[in-house]
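Which chain is which? They are A, B, C, D, E and F, in the order written, and residues in each are numbered from 1.
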Amino acid sequence: MALPMNQLGVVKRNIERADKAAVARLAALGVATIHEAMGRVGLMKPYMRPAYASAKMCGTAVTVLLQPGDNWMMHVAAEQLQPGDVVVAACTTDNEDGFFGDLLATSFQARGAKGLIIDGGVRDVAELEKMSFPVFSRAINAKGTIKATLGSVNIPVVCAGAVVNPGDVVIADADGVVVVPSLVAAQVADAAEKRESFEGEKRAKLAAGVLGLDMYNMREPLEKAGLKYVD
Amino acid sequence: MALPMNQLGVVKRNIERADKAAVARLAALGVATIHEAMGRVGLMKPYMRPAYASAKMCGTAVTVLLQPGDNWMMHVAAEQLQPGDVVVAACTTDNEDGFFGDLLATSFQARGAKGLIIDGGVRDVAELEKMSFPVFSRAINAKGTIKATLGSVNIPVVCAGAVVNPGDVVIADADGVVVVPSLVAAQVADAAEKRESFEGEKRAKLAAGVLGLDMYNMREPLEKAGLKYVD
Amino acid sequence: MALPMNQLGVVKRNIERADKAAVARLAALGVATIHEAMGRVGLMKPYMRPAYASAKMCGTAVTVLLQPGDNWMMHVAAEQLQPGDVVVAACTTDNEDGFFGDLLATSFQARGAKGLIIDGGVRDVAELEKMSFPVFSRAINAKGTIKATLGSVNIPVVCAGAVVNPGDVVIADADGVVVVPSLVAAQVADAAEKRESFEGEKRAKLAAGVLGLDMYNMREPLEKAGLKYVD
Amino acid sequence: MALPMNQLGVVKRNIERADKAAVARLAALGVATIHEAMGRVGLMKPYMRPAYASAKMCGTAVTVLLQPGDNWMMHVAAEQLQPGDVVVAACTTDNEDGFFGDLLATSFQARGAKGLIIDGGVRDVAELEKMSFPVFSRAINAKGTIKATLGSVNIPVVCAGAVVNPGDVVIADADGVVVVPSLVAAQVADAAEKRESFEGEKRAKLAAGVLGLDMYNMREPLEKAGLKYVD
Amino acid sequence: MALPMNQLGVVKRNIERADKAAVARLAALGVATIHEAMGRVGLMKPYMRPAYASAKMCGTAVTVLLQPGDNWMMHVAAEQLQPGDVVVAACTTDNEDGFFGDLLATSFQARGAKGLIIDGGVRDVAELEKMSFPVFSRAINAKGTIKATLGSVNIPVVCAGAVVNPGDVVIADADGVVVVPSLVAAQVADAAEKRESFEGEKRAKLAAGVLGLDMYNMREPLEKAGLKYVD
Amino acid sequence: MALPMNQLGVVKRNIERADKAAVARLAALGVATIHEAMGRVGLMKPYMRPAYASAKMCGTAVTVLLQPGDNWMMHVAAEQLQPGDVVVAACTTDNEDGFFGDLLATSFQARGAKGLIIDGGVRDVAELEKMSFPVFSRAINAKGTIKATLGSVNIPVVCAGAVVNPGDVVIADADGVVVVPSLVAAQVADAAEKRESFEGEKRAKLAAGVLGLDMYNMREPLEKAGLKYVD
């Protein structure tokens, strides 16, 4: 991602969305599992939390770069939404204003969007819950925004520490938010499903009282590392 | 608000509470709407969160200025409460001790108080929820406080970044806490109700798929500002 | 607690757990009450929050000292668990990685553990809630950890600002987490129960409208301190 | 300070500045002493730090209310400056953008301003130091701002937790920033000078080895409070 | 930058460094100016501060992705350094351990490196200052790290919120850290020099007492926006 | 350290101070080296910073447990000071008030104290620098404190995350603050001196261009761990 100069003021209309089948498979998996399967990359910072307890989502990213205190680009983004998309909004600076509320949620939902990930604040959270429009944000804040400054839509953004390219798969659940590049979506789904398939057996063993020390053969490496048992 | 010297150690008994009818009207509106209607002033910082998920309140402010680790003035404030009041507690420094718990809540509730807004910590939150005594605070903290130092009751305070004068209307819901000066309470209720009355129509249009770009006539100003669409 | 050098790489097998009867009595009391009864010591910092809303626990501490990004010692700790224990995990540095998830929870639960207190991050929180395995942590974070570096098990640790010795009683509820040294567990239970027995009467009086000012005889000391009432 | 509605978009031209003689006296005193002398009110939060180590200032406040990411009002404020003024800039939300740099500093200095207090970010700090234009801010940030949204000049503001009215005296040194209401400036200067005059004697005694315990007669109250000496 | 899976454990040896002449030109300019000239992108978060007051640097990025508490990759990076490089170290999680001290600084300096930018902690800062090896970091921390886990060298990283590709130009001064993509380095230098050349004239006018209001022709747009002057 | 109940209100007069020779040896070493030599334990959190740039100290701990907003115990501590002591002040809660200023510094200095480590705020920092009385604190804050509540002197405390027992050696320099238990002071001095003696040789090699990869024989373990070089 060679960041060009003057990347503000641009809307990219045609983006390559991740394969729908891969998205569907990823939607059935948890964020922690997917993150492991990817080799532990692509996770947003843990300050991103659901606006209401049951919020979760999976979809393809339409990205937005906002200016502080200004949500003009959210309206521009609405037009670019296709069913199954998730809006991923970054800001040019740390800002917790309430960039998003129930009216924009109504518009996004009408366009088929699956939710919003925003490195900023949102409001009308009681209404968002009633609408079942999931949002993950860094803050809840009643403070509204203006519509005066250009940002961009569908350029690569850094959102809560993670690079998001338009079309990437974004999955959010109670454990956080992870981004899967569209090119590797199927591959990551493979790896994550495989990983998950192993977990049932492990869980059964552990539930039966087998220790991880034995199940993972850790006793020898621990001893080699110098672990000492004392009474 | 000309801050006098030696403003500690004072209890003002007669305060001008906002008009009850205006308070009732504001109670029916959301924090985000009221904040917009006021011209975006009077909002507390977003770190103020409900002590339990369903907490919300609206009432007239009885203000308290606390010292760190000391809740003596909360007891002094109790006597000044009238039905419909909300206690707004600020502190002379950042302090997250648990200044308030179920005993004080019982006392405040017996006096008719509608809730507590405190730029500090609270405890006994499970009991507060059972009692349906709403609290918004900056922290939950089991650490108790002493009763040794004078603060004041019913002087103007800065609570979580907002100026609160005794008698002002304080509204808190899932989006945060906003303060409406008593003198303009009716005026703000007018503006907020008007604002809300427009929202239904907008929501219906957006739900039907109309874009904000068109509904708010943004296309031309966006173009003037230099927005470029690329493929 | 004379911190020895080279305290890393040690597992203490025999620890003196607090008296079971005292633990049971403390389990019936709230964190705020216990903290008061102890003379206001032993409380963890208020950033320690339940991973799911209803989480609470009481048990005897098995302590773990972790390295950043490494949960190897959690597996070592599992073997030291006895029914009724709570795992208390500290880290050699501030780190919010997800050291713990549903597999370890399954193992801990199979060993009879009552929950986990961790000055770090955890993941799989939806599963933890389904399993009813309570956790208090400083963060929720999908990021997993490695198993490469030795820490220790059952040495004294500082967790979220509180000293925890193996065998101490750890109580966690909606108000936070408190640590009761095993030697004084019964004594603290006595004091806390006594304290609680007084609260009912106080609550009844306050509910009936008696003011704390009168119930606690505060009017005279407030006057002496110089409190002034103005109109 | 009854906060009116619609307080944005206003510039007050005639403000009552504190008495020059009182300002000069306060300029010779330290922030900690003045704060004590006022009865411990009017201090800004300790996150306000000098942009360069030797920065300090004293002057009469010209207040500015900024919008996030927008410094338009700083230019409006420049015209209202008189020699001896200090610009005090608050923002309608928490925002650390670089609202101020060497060009504005040149302009403010040309108007006779003594410095800037800003609850936001500043840039060009190396140049500010070369110019000897003192600034206290919450952040240093190269990110520039736009000029698109109205705020206000010379209305009462809350800056870093302290209420500032136009014309108030603002004093900043290595210990922080304190605000003295213009009406009580002389009175505060009296109290602070008196306080300072006592310090020399105390310092001499303490330097000679007299203990505060004896100098302040604390032994008896400590004993009454229950302090126990053990060996 | 399509983030591949399994991007850990990779060292890229051949990277395209920005043009030396462009780097030299950027080295003569300030971070704030360059950031403006780029269209306000590429700035790291303002928590990145110099380890000692006079630290500043400009060079081409050799990037490192670290694991928490582990600085193994710093040694791997050393071998990839060429004269004029700046090491830019990101971490897979937020971690303030002391990844870097005087020994690594000696090694980097011997290879011709111009400094270090690290989204983590560093130590031996007194020695770093004596050696004149500039460092910008998020923390100063004596806590050392281990050498046990693979990260990568010369892959694209997100460091303190900014994307950095190997070979990009990194400029750090008292105002912060900015990243210029190698492809546009000359172009940005052009724009920044131009920008700077205009500043002298502006500064002179402002110093002479001309107001920004007049110099930038702001009076009319302010009036149109509704600004009201009152007495 | 079995935390007793009611540990507030106690002053221990006779404490076992670390051996003077060991203290002198530790005073000649850096915090980072000592921390390594101890096996990476005993470090305070990195938020503890010097009140002025050149501050550093080494001495034996006289501990103080403060209450929020109250510095009464500092005066009690003064009497317990012996030449060569460092006061280590913890607080029962997070509080950044200015517990300490130039008068107390004068008193401590007169008693032979080497400095102050405080998990709270301090003021009069310009004077402290003039007096050459070193202080490490979590904040600088002009806000003064009262003298109303008992804490304790010379009990074990947790200060900025580290356990400190009275008599322990405390070393502070630009890299932070480390605590060495008195019993192992000589042993730690041995290990740290040894460690330091090796550094000169390493530094010389690295300065000559030898890579850490070769000096520490890392190439083979890196390859085993799977590191891949690509072009």
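For the reader, a short list of remarks on this structure follows.
Assume contacts are C-beta pairs under 8 Å (C-beta built on N, C-alpha and C of every residue); 3 or more make two chains touch, one makes a residue touch a chain.
Not measured: the values here are computed from a predicted model.
For the pair subunit B and subunit E, chains touching both partners: A, C, D, F.
Touching subunit B and subunit D together: A, F.
Because subunit E and subunit F share one sequence, their contact can be compared position by position; here under half of the interface residue numbers appear on both sides.
Between the CA-based centres of subunit B and subunit F the separation comes to 42 Å, rounded to the whole angstrom.
Centre-to-centre, using mean CA coordinates, subunit A is 32 Å away from subunit C.
Averaging Cα coordinates per chain places subunit C and subunit F 27 Å apart. In subunit A, the residues that touch at least two other chains are 40, 53, 92, 94, 96, 141, 143, 149. Across the whole structure, chains are in contact as follows: A-B, A-C, A-D, A-E, B-C, B-D, B-F, C-E, C-F, D-E, D-F, E-F. Here subunit A touches subunit E in the complex through residues 1-8, 38-42, 45, 92, 94, 156, 158, 161-163, 165, 179, 181-184, 187-188, 191, going by the rule given at the top.
Considering their complex, residues 67-70, 92-97, 141, 143, 146, 148-149 of subunit F touch subunit B.
Residues 9-14, 53, 72, 74-76, 78-79, 96, 98, 101-104, 106-107, 109-111, 121, 123-126, 139-144, 147, 149-150 of subunit F touch subunit D in their complex. Of all residues in subunit C, only 30-32, 35-36, 40, 43, 46, 49, 53, 173-176, 178, 199, 202-203, 206-209, 211-213, 216, 218, 222, 225-231 touch subunit B in the complex they form.
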